[in-house]
Every structure is written in C-alpha cells, then in structure tokens.
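So that you can tell them apart, the chains are marked A, B and C in the order they are listed, and the count of residues begins at 1 in each.
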Amino acid sequence: MTEAHVNIYDRLEQLGIELPNASAPAAAYVMSAQSGNTVYLSGHIAKRDGKVWAGKLGASLDTEEGKAAARAIAIDLIATLHNHLGDLNRVTRIVKLMSLVNSTSEFTEQHLVTNGASELVAEVFGERGKHARSAFGVAQIPLGACVEIEMIAEVK
Amino acid sequence: MTEAHVNIYDRLEQLGIELPNASAPAAAYVMSAQSGNTVYLSGHIAKRDGKVWAGKLGASLDTEEGKAAARAIAIDLIATLHNHLGDLNRVTRIVKLMSLVNSTSEFTEQHLVTNGASELVAEVFGERGKHARSAFGVAQIPLGACVEIEMIAEVK
Amino acid sequence: MTEAHVNIYDRLEQLGIELPNASAPAAAYVMSAQSGNTVYLSGHIAKRDGKVWAGKLGASLDTEEGKAAARAIAIDLIATLHNHLGDLNRVTRIVKLMSLVNSTSEFTEQHLVTNGASELVAEVFGERGKHARSAFGVAQIPLGACVEIEMIAEVK
C-alpha cells in the first residue's frame, strides 16, 4: 500500500490520537470556509482539558510547553477539518500553517514551538502533510492563549 | 427572493452605509490582486474622518472603540472590493479575514474588537459573508493605526 | 517586446541581482507548497552574509536598515520560487506579500520597511509584480530576525 493510500483515521489511531469535538461555530464567523478545493480554517487558539491554554512564551511558559500547545492545536485543526469534510481522506495536501506565538519581546524560539504542530501534521498526513508555514511572535492572543494557528488545506 | 439574490447595494442602503472612495493605490503595491476567482485585499488600516485612527488597545483605546474601528475598516474593504469588481454582487463568498489589533502585552479581547468587522460583513453579505478568520494582537501597525484587516474574497 | 515577455533572468541581471542558493528545507515543513497554480512560500527571515539578520526596529535598527533587510528577503523569496519552479518566467503574478517587522511597541514605519521588498518585486516582475500586501509589527521573530516575509505567487 503506497503512502498516498494510507487511511488517515488508521494513522490517527496508530498515533493514539482521538479527535475532539470540533469547536462550536462562533456567531459572526465560521471555523472553516471553502473556496473551490481550498479550505481555510480559522485561527484556533490553544486549549487544554477544554479550557483556554493561557500564557506567554518567554515569561510564564517555556518552549517545550509551547510546543505541546502547538501540537494540541494541530489536533483541533484536524478535528475541524474532519468536521468540515466528513472524511479526512479527501485531504490532498496540507498547504500552509500560520502560527502566532504569544511572546515576550525577547523570546525567539517561535519556530521550535511551531514544530509541535508541523510534526504532528507530518505524522498524520505523511507526504500530503508537507506544508509551507510562517511562525512569529505576537503581542497577545484572544483570551490570553499561548499559541494560535490557522491552516489552509487542499481537498478533493 | 432568496437570500442569495439580495442585491448587496440594497443591503448597504438598508444598513445606512455609504461606501467611501477606495484608498488610493500605493506606489509599490496595490490594494487588491486577483488570481483566478480569488481576490486578495491588502491590509487596510483603520481610518476615521479620512485620517489614520491611531491608538493601542489596552492603553489609549478600549474594546468598544476598537470594535468601531474594525467595523470602519470592513466598510473600507468593501469599498475596495467594489472598486476592484465594479459590482459587489459578483462576490460569491467572503472567505477569510485576518485582523491585527494594535495591543499592549496584556490586552486579550482581539476577538471582540474583530467582531466589529465580522458582524458588518455578515450584515452586508448574509450567507455569502460566512468567513473564516484569525485575530491577534500585534506590537504595532503602520502609522500607529489601532487595527489593520486584510480580506480574501471569492468572486464570479 | 512587451513587458509581459521580458525574461525575468535578464531583469535580474540588469538589476545586478544574483540569486542565492535557496534555503535548505526544514525537517517538518517545506519552503514552498503548491496547490493548483498557486504557490505558497514559507515565511523567510532576514539574512545577511548567510547569517540571521537580527535586530528590532525602533531599538537596534532604523527604518533604512529594515528596508535593506526586506529587500534581501525578497531576493531570497525569488530564489526559493526559482528553486520551486525551475523557471521564473512561469510566474504570472506575485499575488501577495505578508511582512512581519520585529518592532518595539512604538515603531510605526512597518510600511516603509516593507517597501524594500515590494519595490524589489516590482523591479523584477514589472506588471506581473503588482501585489497586495499586509505589513505590521510583531513582538519577535524566530532567531531574533528583524523582518520575516511570506509570499503567494500565481504560476503557469
């Protein structure tokens, strides 16, 4: 069986990942919007045990904690994508991530934090997970979350 | 008449919104660029009475003022889209907003500020206005503006 | 010979620009990802003499230095695009730039810094270089780089 035919749900199970319920749609916007075969996912903020994972890198959180938060967001993004598509095997490419890290003016490891998400995407989607990305430090994030990530995916 | 056939200019008039002249194109870039049926609008900074609406959330401006600024930007974005398309009824979907809120390191209500833009888009475009979005706090914005928003729209 | 038929490599030579080797692909992500005829380039951080060009606008660097850094990034982005496409003449449009400027809470000339990239793109690609853009100030950038820019290009 070639890599391109791996069932994404089998991969998730092998990785021991259980998808959470997708975030409830907010009033004035939606968690995902599709145009042609491109799906844009809204920025997802970090959560732990269903609550906002608050904190600032370089102050209240270290790089490893930030990386764990980024990994958790990637799982939430995949859950939203599953909710949008009905079947994650319709994903032909994770095209891009944009990762916003709640940072002090001195913290410079946003790329290491963001690897938590990039590595999870690579583990789940394999060749289809090879994405471009931007990662940088922001002054704050809604509700004080430590990381926020948005995703663009190509689907069939 | 179904929602999909509402004339956007009638909607704007019902809402009492008069579109301003679109921002003048800058030297080295343009306010909108189209690829296929996707229109990318440049980041628009907040203006009031034609001048830069300066300030920082969490310091010189409160959430309600920021929300009003975000609403004003959404109107400017729609004006640029009108200028680009000639006819706003060609918009099939507002796909995504990215909202940058000039924030102190402590201000955490970027989502409420951004609702000013999201709600205006929903009022004007209805079902066609259901967009994904990201909102976060940035260290500064050109000319000290309090909010900057960019938009992606799908058109026919 | 019409503008649309100018050979991009001739243009680069006229401008005295030699493309560097494209950045090495990182482990968990790639420097460019294509979906249909859209190429998304990862955020590229500023480099000088092959090393990270570190600094913060409003503190250790002034606007002119930031503008030079943005110009250098634009050249690196074009190098990555060349590496991705094999032939830069396949570019039909530089669609969008997003420019993140490592800024103090007071620095407000992110647009002037970013002009360093926008003007270079215009010089190299002419009409095909007319792009939308967003520019704003961020709290920090990976490895302390002074500017980071991502690009979206339409190709044939």
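In this text, a contact is a pair of C-beta atoms (placed from the backbone, for glycine too) under 8 Å apart; a residue touches a chain by one contact, two chains touch by 3 or more.
The structure presented is a predicted model; accordingly, all values stated were derived computationally and were not measured.
At the interface between chain A and chain C, under half of the residue numbers involved are used by both copies, so each side presents largely different positions.
Chain A maps onto chain B through a rotation of 120°, based on Cα atoms and reported in steps of 5.
Centre-to-centre separation between chain A and chain C, using Cα means, comes to 25 Å. Each of the following residues of chain B touches two or more other chains: 36, 104-105, 138-139. Across the interface of their complex, chain B is touched by residues 27-33, 35-36, 40-43, 56, 98, 100, 104-105, 138-144, 148, 150 of chain A. Chain A makes touch with chain C in their complex at residues 36-38, 93, 95-97, 103-111, 115, 118-119, 121-122, 130-139, 152, 154.
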